[in-house]
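First comes the structure, then the notes that go with it.
Letters A, B, C and D mark the chains as written, and numbering starts fresh at 1 in each.
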Amino acid sequence: MLSEVKLMFDQIIQFLATGLSIGSTYALVGLGFAIIYNASGVVNFAQGEFVMLGAMSVVGLLGAGVPYPLALLVAIAIVTLVGFSLNKFAIEPARGASVVATIIITIGASILLRGAALLIWGKDIFSMPAFTGDEPIQIGAATLVPQNLWIMGITVILVLGVRYFFDKTLIGKAILACSCNKTAAGLVGINVKLMLLTSYGLSAAIGAVAGLLIAPIAFTSFDAGTMLGLKGFAAAILGGMGSSMGAVAGGLVLGVLESLGAGLISSGYKDAIAFVIILAVLFFKPSGLFGFKSVDRV
Amino acid sequence: MNRLKGFYVYAAVVALLPILFPDNYFVTVVGATILLNVILAVGLNLFIGYAGQISLGHAAFFGIGAYSSAVLTTRFELNAWLAMLVGLGLVYVIANLVARPILKLKGHYLAMATLGFGIIVNIILVQESSWSGGPDGLGDIPTLSLFGFDIDTDLRWYGMIAFFSLAAILVSLNIIDSRAGRELRAVHGSEFAAQMMGVDTVRTRTNVFVLSAMFASLAGSLFAHQQAFVSPESFGFGFSIEIVTMVVLGGMASTYGAVFGAIVLTLLPETLVVFEDYEMLIFGGILMGGMIFMPQGLFVFLTQKIRTVLNHRSGPSPKPQDAQKTLECDS
Amino acid sequence: MKKRNKCLAGMAAVALGMLSASSVVLAAGDTIKVGTFLSVTGPASFLGDPELKTLQMYIEDINAKGGIDGKQVELVHYDTGGNAKKAVNFAKRLIKRDKVDVIVGGSTSGSTLASMPEIEKSGVPFISLAGSVKIVDPVSPWTFKTPHTDRMAASKVYLDMQARGITKVALISGDGGFGKSGRAQSLALAPDFGITIVADESYGRKDTDMTAQVTNIRSSDAQAILNFGFGSGPAIVTKNIRQLGIELPLYQSHGVASKKFIDLAGDAAEGVRLPAAALLVADKLDDSDQQKAVLVAYKNAYEAKYGPVSTFGGHAYDGLYIALEAIDRANSTDKTAVRDQIEATKGFVGTSGIFTMSKDDHLGLGLDAFRMLEIRNGDWALVE
Amino acid sequence: MTILQAVNLDKHFGGVAAVTDLSFSVTEGEIYSVIGPNGAGKTTLFNMLCGYYVPSGGSITFAGKDLAGMETHQIAAQGISRTFQNLQVFYNMTVLENVMVGCHMRTRTGLIKAALRLPSVIREERQVREWSLEALTLCGLEHLADREAGSLPYGELKRLEIARALASDPKFLAMDEPAAGLNDTETVEMRQLIQRLKERGITILLVEHNMGLVMQISDRVLVLGFGCLLAEGTPQEVQNNPAVIKAYLGEDV
């Protein structure tokens, strides 16, 4: 009896560890959603494609003989450029478009990017070497591969970095100012366009990093971004749209929910369980866990 | 009768095409798909375009309608028309049940909630294979029959779907041009002002959500009998997005816009097929370009263009749009 | 069931009467039209892509050699992107607009099953390239298939387990059509082989980590693990199993029968067993093996042009040749005649095995067509 | 006869008190104005009256009925209507349609009847059109009936809101700064319009910064300061009230 309890406990530890690792990638994708939403009020449904492009670029660069660490950096740079162009060529010209119109534009962008990836890299699934090998590590009752630790570690660093950026640096504060009131931000001399560009670049770069981190575990292919994009969106909404830290928390919660759902209830229904819980949260907190309700002045 | 001028022209075209081209794949097969999508788009347009809400899970109702018909006619050998009614009833109940919690939400939160609902329904269809047939789907669905005639050729299906599609457009036009339709648009314009005029906006939003869900359910039942086969992948997130795109790309808050969107979005992939691997790239580009350069939608864009051309011919006339623009700058 | 088949046959005959009247006029040209709809993009592109390449390569080859009965063969192709709804419309397009003589296609069971009602109604010979047993059981008059069924795969795996004395099995499957159908067959067949399923887990197509499911399997008392799925899922499962230090024998399905799986799973794939067509081990076959010549020829031709071969392209090879040989034997493209000749296929040596079809068997393969393979040193090896 | 009565109303947002212990009553048929500096709680008061905010304490009674717990549309059904400080026009409709929404409570047609467009619906539509044109005429907008609402200038939009409210045949109309942003001529027109409404027997609750307008047309005036009642009385009484003078002109005068 006691050993059964112990086994159950060990299992739950494993589920939690796995969940946190999956959740970290969701958190990064969600963070990307939150940054762009904050700066421009747009929900960028192409966020998942940044993740895919990051991983696919590394695969492509490795194939071209670029050394591993350099390939990682170049891939992030490439995706950042894609983020810049998305803002420049799709979001900026469509200023003043309705919420649904921007949703369609970003969905169009995601299809376009997927189509481009298909043409460049083909339909194959690609593997990517782990940062530091595949040898499993035992941590308490949980077994992880080193890549899991990389995922969680880099997520923590990035999240802290983003937080510092928005709280402490002038550019970060300027972006926040744009999100509150573009006209006012413009009046006090903030280059609103530049700030938007920065936030798209930043969010693309974070997406790319998420891609690099997850690919050694889950592989990559031209259509690998879609599902991660949806999960990231769910994470951002669960946390409260526009709250960066909320998105991170939302991602971690989502990952743990999925893992516990799969492990304890039913692996077939794990996504449904996660979504039911998200819906329940929204029912009681219509602006997400950490979002704030804005009151319209009438 | 001026009110329905456009409708009569459209109905005439829909009726004439198969008479002129009775054996043309693009008329009877693609045409039937277009007309089916018209039902979906026109229904969703009431919710998105007119009432100003968003739903990324509409394919779920399409699927519930389709599966109701499929399961009831194959497993319980129920009459197909009865099954269709049961499907409508089921969607009525489900839509009402989810509407209350979901419609409390606004904007992106509503988008997320409807998306989640759609995904949950899809997962159920995939997992509950004992009655749904799972991912492999359900086949051998009997066809519809009317007055003893089996609807078993593409031409007959075209006629059947055309009938319901025209009915859907007529209903939509009638509603928009009535007290109920003004309610919807008022909710979109200013929810609080609408309430102040005595509109129970929660009920209005629920009703239009349920109504557009029932349009989808009807389309689903027709789809199931037409294809004689249903599987969950036809009712997934991707298709929800496709319907929304029809509404938005065609032109929101315009019934003909939705019709136009359904036509364009059904024909586009059919034509892009020849581009093979380039299909996605081109399709994505068209979506983006369309929305960036014509944010008000294709239909509105084109009618405005035509109007400008006509106006130029008959001399300059005042443009109300300009006045609107100045106002937007003021506020 | 029987009654319905008769009914269908009757309907088909009527439809055929109407169709053949028109097709005589249209097919009077001197090409044989082979229609195909495949999942060249989308989640099942790993099936559709080699299938299309195979069809294109061999039709070009046949035409270069003078065609069939002096007629050139024309391929009409549409990409379904793995979407069943599109498959139905493209099947209609092939039949109504392109007026093809025979259809060889349908990469996934979903797209095949979806388009079957339409094809059966129109009465066009159809050779499916998808796995599910439902396609040919019960037999429909116009539909055939070339790949082994999932039921055969499960049987083959269970036989191997029996030989190793395994009675408790943990099942894990993808939640796509292939995985779900394979799971159903595995559950249904287990008692016949004295096997108990002690864990039954599943995963989504785009899941990135299956550790939670594998953890549950670890705590069951399974003696072996069986995974039905395709795409990246099985490779992730394989890696997760190793990560959690599980040493149990791991069986995969024929869904991973391509070199890609070994690439993706890497070292973790060592020792994995799976039932697959002999194509993967063509070079290692005994020279006396009837199939060897065909396999080596296909493998060399494909690899010279496109890279590593998979068994999926082989299904298209089998389908194409069964169809064309039937047309050749029928000396016409009359649909009933061609269908009857396909049914009369006897001892056709294909990549998946040796086909002998009949009115009641629209697959024509036996369990022996499957070979049990094991991954050793990053390559396939035959299990004796 | 008292038509509206507020007793000990309180409203605070978090720690900030917007309205404190406010009591007053409005008599049927009068023009009752509420004035006070910005942030005195006038709009908050309006929003509580209309059910947009829930009062933190106290009660509002209208024609003998407690409004507590009623939703905005239920309050509207009691015969209360309002106009908005920040315009809430339905920009996605024509001028006439805007006003037709106002007739909502006087008609019945639901979705199903509308979908089938039964003869009763057509009759009702005709009636609604008639009522709406009447309201537009009263506000001097009948010539703009078919224009898109978005194309109207500010002053006319203000009158459109009044026409829309009128179409609901209200007993009581709350107007939130109807003259704000209007030029002198428009203000005069607005004053005349408000007086016409009064003549039709509509009780008016007016919030306004234009003191000239308020003092000219009000029967009674309530002065708010920091959410509290400073004074109440006829325009003359209020103008001479030392507390009011202090609040408006500062401590030292």
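Keep in mind that, in the parts below, a contact is a pair of C-beta atoms (placed from the backbone, for glycine too) under 8 Å apart; a residue touches a chain by one contact, two chains touch by 3 or more.
What you see is a predicted model, and the numbers here were worked out from it, not measured in a lab.
Chain B has the C-alpha centroid lying closest to the overall centroid of all protein C-alpha atoms shown. For chain B, the chain with the farthest CA centroid is D.
The distance from the centre of chain A to the centre of chain B, each centre being the mean of the chain's C-alpha atoms, comes to 31 Å. One simple way to say how far apart two chains are is to compare their mean CA positions; for chain C and chain D this gives 73 Å. Once the centre of each chain is set as its mean CA position, chain B and chain D turn out to be 39 Å apart.
Centroids built from CA atoms put chain D at 48 Å from chain A.
Counting partners per residue, chain D has 52, 84, 88 as the residues that reach two or more other chains.
Counting partner chains per residue, chain A has residues 118, 268, 271, 298 touching two or more of them. Listed for chain C are residues 40-41, 175, each touching two or more other chains. Contact residues of chain A toward chain B in the complex are 37, 43, 90, 93-94, 96-105, 107-116, 118-119, 230, 233-234, 237, 241, 268-269, 271-272, 275-276, 278-279, 282-283, 286-288, 296, 298.
Contact residues on chain B toward chain C in their complex (touch as defined above): 23-26, 28-30, 33, 126-127, 129, 134-137, 139-141, 152, 154, 227-229, 231, 233-234, 269-270, 273, 276-277, 279-280.
Interface of chain B with chain A (complex): residues 48, 54, 101-102, 104-109, 111-113, 115-117, 119-120, 123-124, 126-127, 192, 237, 241, 244-245, 248-249, 252, 277-293, 295. Interface of chain D with chain B (complex): residues 50-52, 71-73, 76-77, 81-82, 84, 87-93, 97, 100-105, 107, 109-111, 114-117, 121, 124-125, 128, 147-148, 150-154, 161, 164-165, 168.
Within the complex, the chain C residues that touch chain A are 40-43, 45-46, 49, 175, 201-209, 211-213, 215-216, 219, 231-232, 235-236, 239, 242-245, 260, 263-264, 266-268.
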